[in-house]
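You will see two complexes here that share chain A, one where it goes with chain B and one where it goes with chain C.
Right after this comes the complex of A and B.
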């Protein structure tokens, strides 16, 4: 399971803080916090590059191995947690994988901000392939076995228009 | 309750410089939240440039150490030890039964402003002076960048600024915000600290407060809480002292800091003896081969 959160050094997706040198130097690179148990399982050392893959996409980050992150035991199953700050993006003084790329877009209607903070993910040690190699890579590593990842407005897969986008786009009334 | 809010000496105007009152910092990691506001406020006020964008992989500490462009440094120490009366979980894999303590400690490090300061004693130009409030100040318009102070600091605080940063070559460290203090303001780092982990005030008040805080922590199960305030060594006490959990080494603090100048006498004696021996050896060589 991955979960996204903030660091004190950055503000939201970093649009303000990653352009300031005094804040950027304090958290200069995207990292993923994992437990020593998961690191051992993956054969990853502190500081190694790892890729985090979900149904929505993949990013790379440096592994920050810490006992602060602990595996949880649910119904006899061990579930590992992956901690991802969501402050990074493609521009600014310091750049890095955007954790929000991994999540589905689901707005919380009352506060109109991203609601999704957690998702199932795969971790693949190493750097993220770019270009054409990426597609092949992500098809190989994307997590499988869960329910179809549909937007609430998309009809379920087993219906006639299964998985299609609603006419007129999301959130808009269908025109007569 | 943490801190004293607006009544705190961190938020009050003062005239310590005019009254020649010894001031200090008392830093208490048990209330620090690791926000690094002190680091940023220091850089903002003093126009300190950034120190490079390097991810360290050492907890959340990407600052590393104090230096010419880092005058406050928040340490992030992860230890397999219990913190106070903390409830110890046992969630770790393969250790399901036994206790599994863990603690994360933040400590904001700074120039100690020693009573007998190595940097001040080593400075040949007189650029480093003692102020009315007992702090140690580098006058950057006098400093010629010789670097003697850098090797003389027992805490590794002062350093020369490397190129291409502005003012490269000169030695820099915390000024104790002398400019602010002259105007009755509190040092920037203490002013912004949201939890009063850094307390600025009269040194005697702070020492009393610190002793009381250690007692309080002992009562709450922090058995390894102690003060780091080396007064019995040649450093003769520091103006920025710390409360620490466990041993000073874990925070990169020398347990017995010494001012290098105490070795001057033995060093000169050794040099003198060597010089005499060299002269005798040379004369003997001439005596034998001529």
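Right after this comes the complex of A and C.
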């Protein structure tokens, strides 16, 4: 599961910080915080590139392997957690994947706020392919397997790509 | 802010950051306060120095955890299970602060026989669920008899239909073992937190809770905050020094932008935006005015707002211009109009202080929506992604969109920085702080106030040149604001209007140099515009004789002509004399609860506001949040209305019954009590109910949900 958070050095979507040299120097790059346990499973070292994938899309980031984030053990099941700062984008002095590319639009029943702090994702070691190769790549890596956790209103998401395994399993099995 | 609003009455932090220093325990959850609110965090450290236990609950060990005594890693999105576990622990082990809970909360109130909870056969659903509408009809959540003003109560808390018994049943399965299964928190760690909170509860101790968007940005965010409200009411921590719930806002003046809202469904001061069915002012007022409590003054606040908007054109004869207000026809939130953009139903947009191309969820869809607009105005200090999405974006990079195919015309306006404009920020603790301009903005950079003012002048001029009835609301606006040499409206004149005044103009009154009880009394044509300022919202009237741009801010610039948001001399530890906290410069709200029902302080150590038997009034360190001369043993007469219906020992005067609401009988869409559901996209099934997610969660329409998939949008 991914969660998003803020860095002291950057401000919200970055308009007031990613364009300032001294703040950009302090936090120059998008990263994803993962536990040593998950890094081991993925075969990833601190500083390696990884891609974070959800139904909406994918971004790449440097892996920050740290015991500051830990897997939780629920009834014998392990759930890994991934921490993502959300300040980056394609403009400014420092650039990087926008965590918001991964999040869904939903409306909490009272205030119509989105769910930005918890969502299932897939992690793929390596860099994000550019250009047309991206679509093939995301078809392969979008979270699949298990019943889609969909709203009852929602028809099954089976129309995406002619009869193939539909996207939308939301990482019931997260590992690659 | 319905989490805090429905629990206590007001949608704002209940306390001030300085007061955290008085806490005996501080629970920080849904926030990394040391990193995101470092200035306020010093008061947490002050409390720690004085011996308080600091607890940080967060999936990630941050600087906040490093400085805390206890770090509790939990699985993201399971806060209700954890807080619900604490609530159960307090109830089952009789560890709640009974002397506080019985008189000050609705624990004793008897509920309707129709109420059913989500336990047992409910399987995650409260009574009133309408499967077809996928929404609740909340009538069965009301008190017995339906009247919120005078509920039937059982002070022994034994009645099977009383709130306390229902609360107990609701959380009965949230055991430490269940908390471990859902959150991944071992029972020993759970008990450590519970023990620390219980040790900091009672007449001599208090604990505070701090949260930020780590609680709000969930599919059940409001209910997470509700769970914290229940916990704090059971521990007796609301309205008392070192207690409370501190909502740490996401950025500068977010509190201000809900008080004077940038939201579609409320008017300034949390008045309801009229809906299509609210045809006349009388119908509207009948719907939203409450018989008892502070909201019984609704007509005064609303008519004064209309008088601020429309000036002398608002008269009793024309419903004070009520018909000029737009009426809601549905959900017009940001997400809804995003889809209108995608569908080609919305042609243009003004974007100020926001960067949805990377800062809003499903940013790829956001960028696609922007590319469907005909025109877009972006005001910012730099060329952000939302201004250059048409030439730089992941979609352009991989050839999914081509710059030459995007027809959106983008107008980029350079904005002034915060040191280049004046005005007030309302911070996390409801505190208005004025800021003066240090330098003029460079080149063509201008403030938001300048832009809106200049745009309004041009639109009003166009409307006046037309006789189309659709332009009537623009023609009716009382756009009287004097300007400075750059063409900015004088922001203190705007603040004066927000504070409110008597509408009858006083002749011969000029700037603040004139009659000191009338400032900025001359309009743009040089005519007398208004009378003396009101000293607070208690002076507002429903007959058109007063105006106020935001009733809850009233008092910020009263008859003494002093801009209290700009005052900088702290007189006490709560900061009175520094800025102005709404309402009425109260720093800790609901502070009647800082005294026992008989009016004496709970303890010497935790005294704040108390009843003085010699002078027969409430007094203390803070501004009392109670009718000054109403004695603690006051019993309202049968049929009393307004504040007269609130007993002398009922601190939550915005609620009809004056009580803190453990159970919310009215005002929430997804249930009167918080219930654990999984995040919308979770790899884990719900341990408690067969239903995984919050039932009324809104996916903004079926087709739109499908568009959440990369392949379908």
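Rule of thumb we're sticking to: the second predicted complex is superposed on the first by the 135 of 176 C-alpha atoms of A that agree within 3 Å, B and C clash if a C-alpha of one lies under 4 Å from a C-alpha of the other, contacts with A are read in each partner's own complex, and residues count from 1 in each chain.
The rule is simple: contacts are C-beta pairs under 8 Å (C-beta built on N, C-alpha and C of every residue); 3 or more make two chains touch, one makes a residue touch a chain.
Quick caveat: nothing in here was measured; it's all calculated off a predicted structure.
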>> Output check: A:134 vs chain B and chain C. Expected answer is one of first, second, both, neither. What do you get?
In response: second
Going by the contact rule set out at the top, does A:70 touch chain B (first), chain C (second), both, or neither? both
Practice prompt. Return first, second, both or neither, reflecting whether A:142 touches chain B, chain C, both chains, or no partner chain.
Written response: second
Between chain B and chain C, the one with more contact residues on chain A is chain C
Query raised in the report: Should A:7 be classified as contacting the first partner (chain B), the second (chain C), both, or neither?
Result: both
| said: Between chain B and chain C, whom does A:29 touch in the aligned arrangement: first, second, both, or neither? | reply: first
Dual-contact residues of chain A, meaning touching chain B and chain C, are 7-8, 67-68, 70, 72-73
The chain A residues in contact with chain C across the complex are 1-3, 5-8, 11-16, 19, 33, 54-57, 67-70, 72-75, 77, 79, 81, 83, 86, 88-92, 98, 100-101, 103-120, 130-132, 134, 138, 142, 149-155, 157, 159-161, 167-168, 170-174
Interface with chain A, chain C side, in the complex: residues 2, 30, 32, 35-36, 38, 59-62, 65, 73-77, 134-135, 180-184, 213-214, 216-222, 250-251, 331, 333-335, 338, 354-355, 357-366, 380-385, 388, 392-394, 397-399, 668-670, 678-684, 692-694, 696-700, 702, 704-706, 708-712
In the complex, the residues of chain B that touch chain A are 33-37, 39-40, 43-44, 49-55, 57, 59-60, 62-63, 78, 80, 89, 91-94, 102, 104
Within their complex, chain A touches chain B through residues 7-9, 21-29, 31, 37, 46-47, 62, 64, 66-68, 70-73, 78, 93-94
